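Heads up, there are several structures right after this.
Shared between the two complexes below is chain A, which pairs with chain B and chain C, respectively.
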Partner chain A sequence: MGKYLLRRILQMIPVVLGTTLLVYALVFLLPGDPVKAMFGDKPINEAVAAQIRAEYHLDQPFIVQYFIYLKNALTLDFGNTFAGQPVIDEIGRAFPVTIKLGLMAFVFEAIFGVVFGIISGLKKGKWYDTVILIVSLLLISVPTFVTGFVLQYLLGIQWSILPVTAGADPTFLDLLMPAMVLGSVSMAYIIRLTRAEISSNIAEDYVRTARAKGMSNGQVMLRHVLRNSLIPVVTYLGQDIGGLMGGAMITEQIFNIHGIGFLTYQSILKGEANLVVSIVTLLMLIFVVCNLVVDMLYAALDPRIRYA
Partner chain B sequence: MTNENLDNELDNSGEPTPEYFMETLPGQDRYVAPIDETPLQDVDSVDESAPATSMWADAWRTLRRNPLFIISGLLIIFIIIVAIAPGLFTKQDPNACDLANSLSAASSGHPFGYDLQGCDVYTRVVYGTRTSLSVGLLSTLLVVALGTLIGAIAGFCGGWIDAVLSRITDIFFALPMLLGAIVVLQMFKSSKSIWKVVLVLALFGWVGVCRIARSAVLEAKNLEFNTASTALGSTPMRNLFRHILPNSLAPIIVIGTTSLASYIVAEATLSFLGVGLPTTTVSWGGDISSAQTNLQTDPLVLFYPSAALAITVLAFIMMGDAVKDALDPKSRTA
Partner chain C sequence: MKKKALAFAAVACSMAMLLSACGGSSSNTASDTAGANIITAYNSEPQNPLIPSNTNETGGGKPGDLLFSRLVSFDKDGKASNEVAESITPNDDATQYTIKLKSGWKFTDGTPVTAESFTKAWSYAANAKNAQKASSFFSTIKGYDELQADGLKGTEQLSGLKVVDDTTFTVDLNQSDSVFPIKVGYLAFAPLPESFYKDPKAFGQKPVGNGPYKLDHWDHNKEIALVKNPDYKGNEEVKNDGVTFKVYTDDSAAYRDIQAGNLDVMESVPAAFTKTFKTDKKVQPYSEAGSVIQTFTIPSTLDHFKNDEEGQLRRQAISMAIDRDQIIDKVLNGNATAATDFTSPKTPGYSDSLNGADNLKFNAKKAKELWAKADAISKYDGPLTFSYNADGGAKPVYDAVVNQLKNNLGIDASTNPIPTFQEFRDAVTNRQMTGAFRTGWQPDYPSAENYLWQLYSTAAADGKGSNDGDYKNPDFDNLCLQAAAAKTTDDANKLYQQAQEILLKDLPAIPLYYSNANGVASLNIKSGYAFDWQNLPTYAAMSKK
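And then the complex of A and B:
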């Protein structure tokens, strides 16, 4: 197990380096001159421009810039934005908001996805099973931004239950609707996954054996059917954490939440190379670590899987 | 253990039935199953006179009986007709807009009313079909081609080629598609086109197909028919194209069909964010984005393109499910 873990962590290094290089190259190739943009309408003072270029290493070839960035990143110095703010401060301000949003979406999709999936899987063919199935299919087919607008219109404008947009410092209530929107597609997938797992496991021999031994129905469900059915669901949930961080880009845009997604989109538009690369690296690290944790969890939940 | 021994043991264990087992209590029925007299061989033997069937014929038979396939198939045919010949459904020009009509309600000949710019919403919904469908289809084709090629090379060659390609796949896998697409499309801000959106979606989408193609090729490579074919003097390349690829096609087709819907959504999302298609191209995503400002007063302008988008995506998701059920019997959900 320890050896496997070490190998996985070592394998992560080239992936992380490769991804940062890829993103850095992409952002570097963005058109437009950020230094020129800093002067705005004023005439460009060549001496000042050259000094700024030197300060941000913009006069160096791309690969040198990348290694300078990497070297600094190792000492947790991710550089400054073009406005002079340290990148780490910008991220530090936006990240807690997205964590809060992502956590709420995660809890939402996990609870509702599993509960509706179990109800649906146990009572296959009942009218509420059909309703749950249709709703989940709808949620999957409607793009997130449309779901967002529909909820904004219904919950926010028509019925005025929840605030339509969140501000700079959102409260729990402000984030409730965005979290539902962010988690909606994954929730639908979890419902379908749980339903399929429950309904196939319920027909397994070990369930009949457990019943034959005189185990009560609740115990059979809890100890055997649920435990076996939820393994793939846990895997899905773990992999989804990274997806939620990416999906936040759309949701935060719709609801005007000043989190990581909002920051990423703005910095792509402005060509803020340092900021974009740092955020993507951060998201990717979260994604890769989550995958690793899921694989470990998988072994813990399913005794048939052992890593050598 | 020999057969005889086995028989003896079975007899021994079956014979001494205790008396109290045989006693029938009042009100108790005994049911004894009739002995099935069909010899086992008749059940198991292969009917050689029947016409030969292939996996594809089997899959097609399963598909044809699946109501999901019929419904989604009809929907998709309808969507394709609308995309090819939008002129059949509306006589108006989607870009002929009159500001005097801005946000007017539905009237005769204009069932969905007008948007902010005074364009006929119905006409724009009809013309938007072509954009969504072509981006979805082209991206999927490109993704499947690229993913299969890279995956097949990785799985077939193995060794260091596989190691390098797999690491590259890992890198692209860790990068969210939407994020990468926005960064690249931002580069072409001044010269947007459908082709660029397709290429960018393919650039960040091939990973999924590649992984599946690689494992399918790897699995088929080690099967006996491949060894047999090599023993008969076939070259590795011939093996790849004649035996390995046809045998690993099913999972690739499944992921291709299921991901088509996600490319349509991705295109709409990019257009919604304003980095996708040029503003002159009529697209559902773009129309939803511009209708967003008047959500409070005119939600219907936003509703129609959204509904069209949702129905299209739903049709392709159902089709994907049906194809998956037919080609991958192990994953059958119902």
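And then the complex of A and C:
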């Protein structure tokens, strides 16, 4: 187990190097000159533009810029944004908000997804199974920004139940509606996944055997049906964490949440290579770690899987 | 196995508790300030530190304007009056100015505003070593070129600025400039306290000014909170206790907050609400002609459109074949005003009845006649392309323009969308346009000079300025130069009107409409809600009481 873990962690090094290089190259290849863009439609003072280029090493060839970034990053200096803010501060401000939102969405989709999935799966064909199926289909087919706008208008403005937008330093209540919107699509998938797994596992031979051996219904459900049904759900949830962290851009915009998604969008627009690369690397690390945790969880859920 | 299942549940529970704990701890900040008369305003995070001469975008410009008082201030119609200046006196040909300051002005750190507060700040801004983005505003002051060389220390001063005594200094200019007393109202010309030079970086995070407001705090990506400066005694009447600029990720989110009363004012209307905001009962709408003019330019180098009889006839024909009111009504939901000149209704000296303003009125019959006359000189039926940047919402306007030209003149017109503004401007500045292209202008200071000289003078042609169509007319240049040397602003404005009458005949660019200053305010705002010549809300005049 330990060896396996070490190997997986070592694998991250080339992945990090490759990603940073690739992302840095992509930002470099963006059309337009970020320094020219700083002047807007005002006349450009070439002497000033040259000063700014030198300060941010933008006058160097691409590969030199990349190695300067990498060298500084090793000493945990990720450079400054064009507004003079340390990149690390920018990320430090945005990331806790995204984590909070992501975790809330995650808990929301995991709890409601699994619970509704189980209810549906156990009582196939009942009227509430039909309702759950229709609602989940609706959530999957309607894009997030529509769900977001509609909920914002109804819950926030029309009925004043929840805060309309979150703003900086959002509270639990501020993030409740955004988290529901963000988690809604995944919740719908989890409902359908759990429902399908449960209803197929419940007809398996080993369930019949367990019942025949005189196990109580609760025991059979918990230890046999549920445990086996949750393996694909856990896989899905694990991969979804990465998505929730990086893919909240639309939700963040609708609800004015100053998280990673918005920061990424802004820094791409301004051509801030240091910021974009740092964020993407961080997201990628989260993704890799989440996948690792999921793989470990398999072993806990399924005794047949063992890592050597 | 049971243990593991329990652990799983425990993790889920503790996570939920952690989250609810996060929520419980923070209090509602809105209730703390509910009693105070603080205006909250829509903003984006400033792209630069809050140093006046390094601020060239609205995110920093809005708070900057309230933090720093300049020599002159503008009222909401753009009329200039002395603020820190007691007098600004030109010599005979307006190449030298003597500026006297009022005494008693103080920065919020207690130090006095002296002549040196201005001269050192202007020199700092002009000095290329200090990499200030608004440095080119100082290019008309003597000594500017010397400060663009390599190997400067950053402390060299502009040789055209001379301090006479604590409250007097003189400015030598490279050429006559009667508009200089208005230009000094631009944010980049703000005075700076001595503490700035010790640590410009720290100052940029916590600026110290002399304006109607002072900085309370700046939480990056969250808000910039300004509070009333009790020592301020300038022209602005401050009717509230403070203005807090809130950073938004999206203008739609801000609009929703205005509807809900969480935000007080914003100076734009998101595309999704342009049709409905005027009848929205949850907001106070504003929509009136503003200072931004939208035009399209036909390069003066284009065959059949050169500045001769044929070219003029064709330009006039095109201008008259466009039904501006219909475009405004059908495409822009009425949120614009048909153009009648080359400046704007918010520009001092504006007139809607200049000689030749008829050329901007829809007249399909006359347009056909003029086009036929031009055809008699040399036959031409197109093609004529109209280029615009596709990322700015200009598509429906140019589709309409092209359709009207096809129908009313019967020429082969077509649109040529270019994906982004950056690529579009690159093509314009590199003179790669082979037809008409979208142009527009937002003024830096309220003066006809800013609209005319920067856009249509020979000096600004050939890539040396913003004369993108390379229009050259010595008569026009002469009138502008006379205006620049005029004794009073009124005299200057009369000459600028004459200069405009030449433009209305030659039509180097064809004015379409003035974009309206659109905005909304929450129902909490009780008085003082209007927009100024910059299309910005009159922050200081607004009140919740």
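Please note the rule applied: the second predicted complex is superposed on the first by the 296 of 308 C-alpha atoms of A that agree within 3 Å, B and C clash if a C-alpha of one lies under 4 Å from a C-alpha of the other, contacts with A are read in each partner's own complex, and residues count from 1 in each chain.
Rule of thumb we're sticking to: a residue touches a chain if its C-beta (ideal position, glycine included) is under 8 Å from a C-beta of that chain, and two chains touch if they have at least 3 such contacts.
No experiment lies behind these values; they were computed from the predicted model shown.
Peer 1: Superposed on chain A, are chain B and chain C clashing or fitting side by side?
Peer 2: clash
Peer 1: Pick one for A:269: touches chain B only (first), chain C only (second), both, or neither.
Peer 2: first
Peer 1: By the touch definition at the top of the document, which applies to A:293: first (chain B), second (chain C), both, or neither?
Peer 2: Neither chain B nor chain C is touched by A:293.
Peer 1: Looking at A:173, would you say it contacts chain B, chain C, both, or neither? Reply first, second, both or neither.
Peer 2: Second partner only.
Peer 1: One more residue to check, A:165. First (chain B), second (chain C), both or neither?
Peer 2: Only chain C is touched by A:165; chain B is not.
Peer 1: Let me test your reading of the model: by the given contact rule, A:157 touches which partner, first (chain B), second (chain C), both or neither?
Peer 2: In the superposed model, A:157 contacts both chain B and chain C.
Peer 1: After the superposition on A, what does A:252 contact: first (chain B), second (chain C), both or neither?
Peer 2: In the superposition, A:252 touches chain C alone.
Peer 1: Where does A:45 make contact in the superposed view: on chain B (first), on chain C (second), on both, or on neither?
Peer 2: So A:45 only meets chain C here.
Peer 1: More chain A residues touched by chain B or by chain C?
Peer 2: C
Peer 1: Identify the overlap between the chain B-contacting and the chain C-contacting residues of chain A.
Peer 2: 31, 149, 152-153, 157, 253
Peer 1: Which of the residues in chain A come into contact with chain B in the complex?
Peer 2: 11, 14-16, 18-19, 22-23, 26-27, 29-31, 137-138, 140-146, 149-150, 152-153, 157, 192, 196, 242-243, 245-246, 249-250, 253, 264-265, 268-269, 271, 276, 280, 283-284, 287-288
Peer 1: Quick check on the complex: what are the chain C residues that touch chain A?
Peer 2: Residues 1, 4-5, 12, 15-16, 19-20, 22-24, 26, 28, 45-49, 56-57, 128-129, 131-136, 148, 201, 204, 219-223, 246-250, 252-254, 256-257, 259-260, 262, 282, 420, 422-423, 425-426, 442, 444, 465-466.
Peer 1: Would you mind writing out the residues of chain B in touch with chain A in their complex?
Peer 2: Counting only chain B, the residues touching chain A are 167-168, 170-172, 174-176, 178-180, 182-184, 186-187, 189-190, 261, 265, 268-269, 272-273, 288, 292, 295-296, 299, 302, 306, 309-311, 313-314, 317-318, 333.
Peer 1: Taking the touch rule as given, give the residues of chain A at its contact with chain C in the complex, in rising order.
Peer 2: Chain A residues touching chain C: 31-33, 36-45, 47-48, 51-52, 55, 82-85, 89-90, 93-94, 100, 103-104, 107, 110-111, 149, 152-153, 156-157, 160, 163-165, 167-169, 171-173, 175, 222-223, 227, 252-258, 262-263, 266, 270, 300.
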